[in-house]
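Read the structure below first, then the notes.
Labels A, B, C, D, E and F are assigned to the chains in the order they are written; within every chain, residues are numbered from 1.
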Amino acid sequence: MTKALTHIDSDGNARMVDVGQKPDTYRMAVASGRITMSSKALTAIRDGDAPKGDVLGTARIAGIMAAKRTADLIPLCHPLPIDAVNIDFSFEDGAIRVIAKAHLTGKTGVEMEAITATSIALVTIYDMAKALDNGMTIQDISLIEKVGGKSGHWIAKGTDC
Amino acid sequence: MTKALTHIDSDGNARMVDVGQKPDTYRMAVASGRITMSSKALTAIRDGDAPKGDVLGTARIAGIMAAKRTADLIPLCHPLPIDAVNIDFSFEDGAIRVIAKAHLTGKTGVEMEAITATSIALVTIYDMAKALDNGMTIQDISLIEKVGGKSGHWIAKGTDC
Amino acid sequence: MTKALTHIDSDGNARMVDVGQKPDTYRMAVASGRITMSSKALTAIRDGDAPKGDVLGTARIAGIMAAKRTADLIPLCHPLPIDAVNIDFSFEDGAIRVIAKAHLTGKTGVEMEAITATSIALVTIYDMAKALDNGMTIQDISLIEKVGGKSGHWIAKGTDC
Amino acid sequence: MTKALTHIDSDGNARMVDVGQKPDTYRMAVASGRITMSSKALTAIRDGDAPKGDVLGTARIAGIMAAKRTADLIPLCHPLPIDAVNIDFSFEDGAIRVIAKAHLTGKTGVEMEAITATSIALVTIYDMAKALDNGMTIQDISLIEKVGGKSGHWIAKGTDC
Amino acid sequence: MTKALTHIDSDGNARMVDVGQKPDTYRMAVASGRITMSSKALTAIRDGDAPKGDVLGTARIAGIMAAKRTADLIPLCHPLPIDAVNIDFSFEDGAIRVIAKAHLTGKTGVEMEAITATSIALVTIYDMAKALDNGMTIQDISLIEKVGGKSGHWIAKGTDC
Amino acid sequence: MTKALTHIDSDGNARMVDVGQKPDTYRMAVASGRITMSSKALTAIRDGDAPKGDVLGTARIAGIMAAKRTADLIPLCHPLPIDAVNIDFSFEDGAIRVIAKAHLTGKTGVEMEAITATSIALVTIYDMAKALDNGMTIQDISLIEKVGGKSGHWIAKGTDC
């Protein structure tokens, strides 16, 4: 925690870390999460029969747009001109998995962009499918891989990359 | 699904439901979710020692502001002039729980506002504490109570209200 | 022009019209526009082979989201809690047509929402296809139908509805 | 199309191009478009008699602000820290022409900023003048000049620069 | 303060007031503020010679647009579908005065919209004129009149209305 | 004014300055302002008894978030990827002072970010405390220090730094 203390003010007030001394380097982050739902809802989504239309296409756009707005949503995040963010989906047993991958050449990591994209993509799936299942739950949003910065290439424990 | 078919177009394209025929009635929704973290991180947050400062105060504001932007984030949500949204936190064993409650007098439910507020509050906690623990995971975001609309007063199974 | 003078100040300065005295009534507006492009680009979009992926699905979401932000983009527009906005596409000879339809129960018309949705959907198609054709042109954005307000049910000349 | 295939995923899903490998170079783009209207409306705008006030001054600001929000409006556009965007107008026979010019030192072109600025400036003129003429039409939005990137200095066919 | 305690939670946490029980009534608010500057800067603005162009026209649009975004900027403000907001300027001795007037038919007052509009109009004047005078100061932003709600028709002491 | 004429067009129209030829250098700006209020209101804020909860914590977040949105609020400001912005408060006799400090490595100064942060933090205090005192006034918003650009290290007259 000694390191951390360099960017907390004496009163514990919210404070942006000053990244001005950091060089621009390659950064990448992958986040993931799942939304559990009934097999009826999963089938409707897979078959394009969900009541509001194309669930995954809409969630993909929502996630990408949210990633670009991360600094506008998360109070202490820095505005980052991301090189790209992309989102993939996979069907699991009783769930849809979202994987978001963000790229940047910049001064600080893009894990918040990946996590924000994942979260909003999942919330969008929730919105598109809530008429089919009111018991959906969003689970397991976490960082699974990160490149760049002090930690170098980091992979979450238990992740097959 | 017959009912749902009233608001899907013939090609499965994304489409906003027209709420114009619905009357303005009282709506309320409560959503909840958790972020798991190490005891070291939990202690730092509780003691006001997190590296970016006041974690829960910042997450509360982020969640409230995100709720007001739900229609700007979730593509097919309607813009809703919410009467209020508020956020509470509780410390659990190995996690912080977020509960968001939204109120509206309007034509459609506010569950998306409550779920968006919960999600962004959790993502903000992640941002504020990620220097303390890189293995945090967001879990169990779901709707736990809803008042208004066709379903009347709905409480999720297993919820003590 | 006598009527118009009720909402211009004496110096010709930009000024929002005060809609406070108007009742909430049903409003609907339909706008349309086209983007011309090469047959190669049209074929790629129709076949799902455009370089950035699903052109029409992305443009539909962009248009819907832009409609909800009309008052944030067009300086003197009123914030309107629209009941719905939806977007359809059709393939024409050498062009794609966008039709956007907006609904509101409110104090003023939704033609700007329909026109903003049309414009941003067309600009999004331009972005998604510009690697295929650098000579695309956006044409014929206009209002084609309007319901509500003083003009009652208005249909543009030459429109088959 | 072989080149294009490097940035489409295997399923045709919407996807941001990764610009991380590109160097920062000078970029410029000019877009243009027109809005046709009655001579009565043109005269009112020219004379400062339009019902909502200063039409062109308001449209200029709306276009500049929209250019800065391009990545927030167009789903797959990259956030670009533009060096400048400026907008000019000219009166034509039965129309007002908008010309928007954007500058950037960056990794990708600014044509979408120029086209977005043009579109929103035109839609703003529409809004400011719609009480004068309900038959206005937006025409001919296209790129007319571009500097930087693979295509070097590109000028649209038939353009006098 | 007893009244106030009805909308503070037990821990002093930030909290939106629930306006759901309030009826929609007519609301109006007027705010005002000034920016002091050198006579050279005042002259340049009055003569249209400021380095970035039309200062007051730009500040008017910025203020109107900011008013519409009040709930997006001020964390605990409610989203309000304002009926109108308008801004006027006057030249004073060594200063420019901004007056912003907002109207609403709704559940809560529009004083924050008027004050936000005033503030952002003043900050925009600062931006447009800062190359002319680096000692400008924004002064006296306050509410000067309010109609509606419990206080009825309120006028600030010392105001000539 | 000769210098200024390089960035004004011939008609006095609003125009963004092109910063493309400027190098990226270190920039810093400090702005300050005050809000006057009754001793009752000051005491409530200091003691955490204000009706909407934590006034200064909320104003700090609002100011930081507004700084990141400066280019979205002030029409001719450039989008700047700020390295940090932070906000401090002090209690004065009959007032609360806000000090905002912004950092950037970039092509143009960050004084507008510091001034926007100060203004919105003050407006947020107003919102949080208006139920306690309807005579609050925002005063003395000005730039107090600036580093970088042509003026080098500039300190406002009468400032003790």
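One rule holds for everything that comes next: contacts are C-beta pairs under 8 Å (C-beta built on N, C-alpha and C of every residue); 3 or more make two chains touch, one makes a residue touch a chain.
By chain, UniProt protein names: A, B, C, D, E, F = Cyclic pyranopterin monophosphate synthase.
No experiment lies behind these values; they were computed from the predicted model shown.
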Labels of chains that are neighbours to chain A and to chain D: C, F
Which listed pair, D-F, A-C or B-F, duplicates the contacts of A-D in over half of its pairs: D-F
Most widely separated chain from chain C, with each centre as the mean of CA atoms: F
Intercentroid distance (Cα basis), chain E paired with chain B, Å: 31
Separation of chain E from chain F, taking each centre as the mean of its C-alpha atoms, in whole Å: 16
Residues of chain B touching at least two other chains: 9, 13-17, 54, 57-58, 61-62, 65, 69, 75-76, 79-81
Chains that touch, pairwise: A-B, A-C, A-D, A-F, B-C, B-E, B-F, C-D, C-E, D-E, D-F, E-F
Contact set on chain D toward chain A in their complex: 9, 13-20, 71-72, 75-76, 78-81, 106-107
Chain A contact footprint on chain B (complex, rising order): 1, 3-5, 7-9, 12-17, 33, 44, 48-54, 57-58, 61-62, 65-66, 69, 73-77, 111-112, 115-116, 119-120, 122-124, 126-128, 130-132, 134-143, 151, 154, 156-157
Of all residues in chain A, those that touch chain D in their complex: 26, 57, 60-61, 64-65, 68-69, 79-86, 88, 103-105
Interface residues, chain F side, partner chain B - complex: 54, 57-58, 61-62, 65
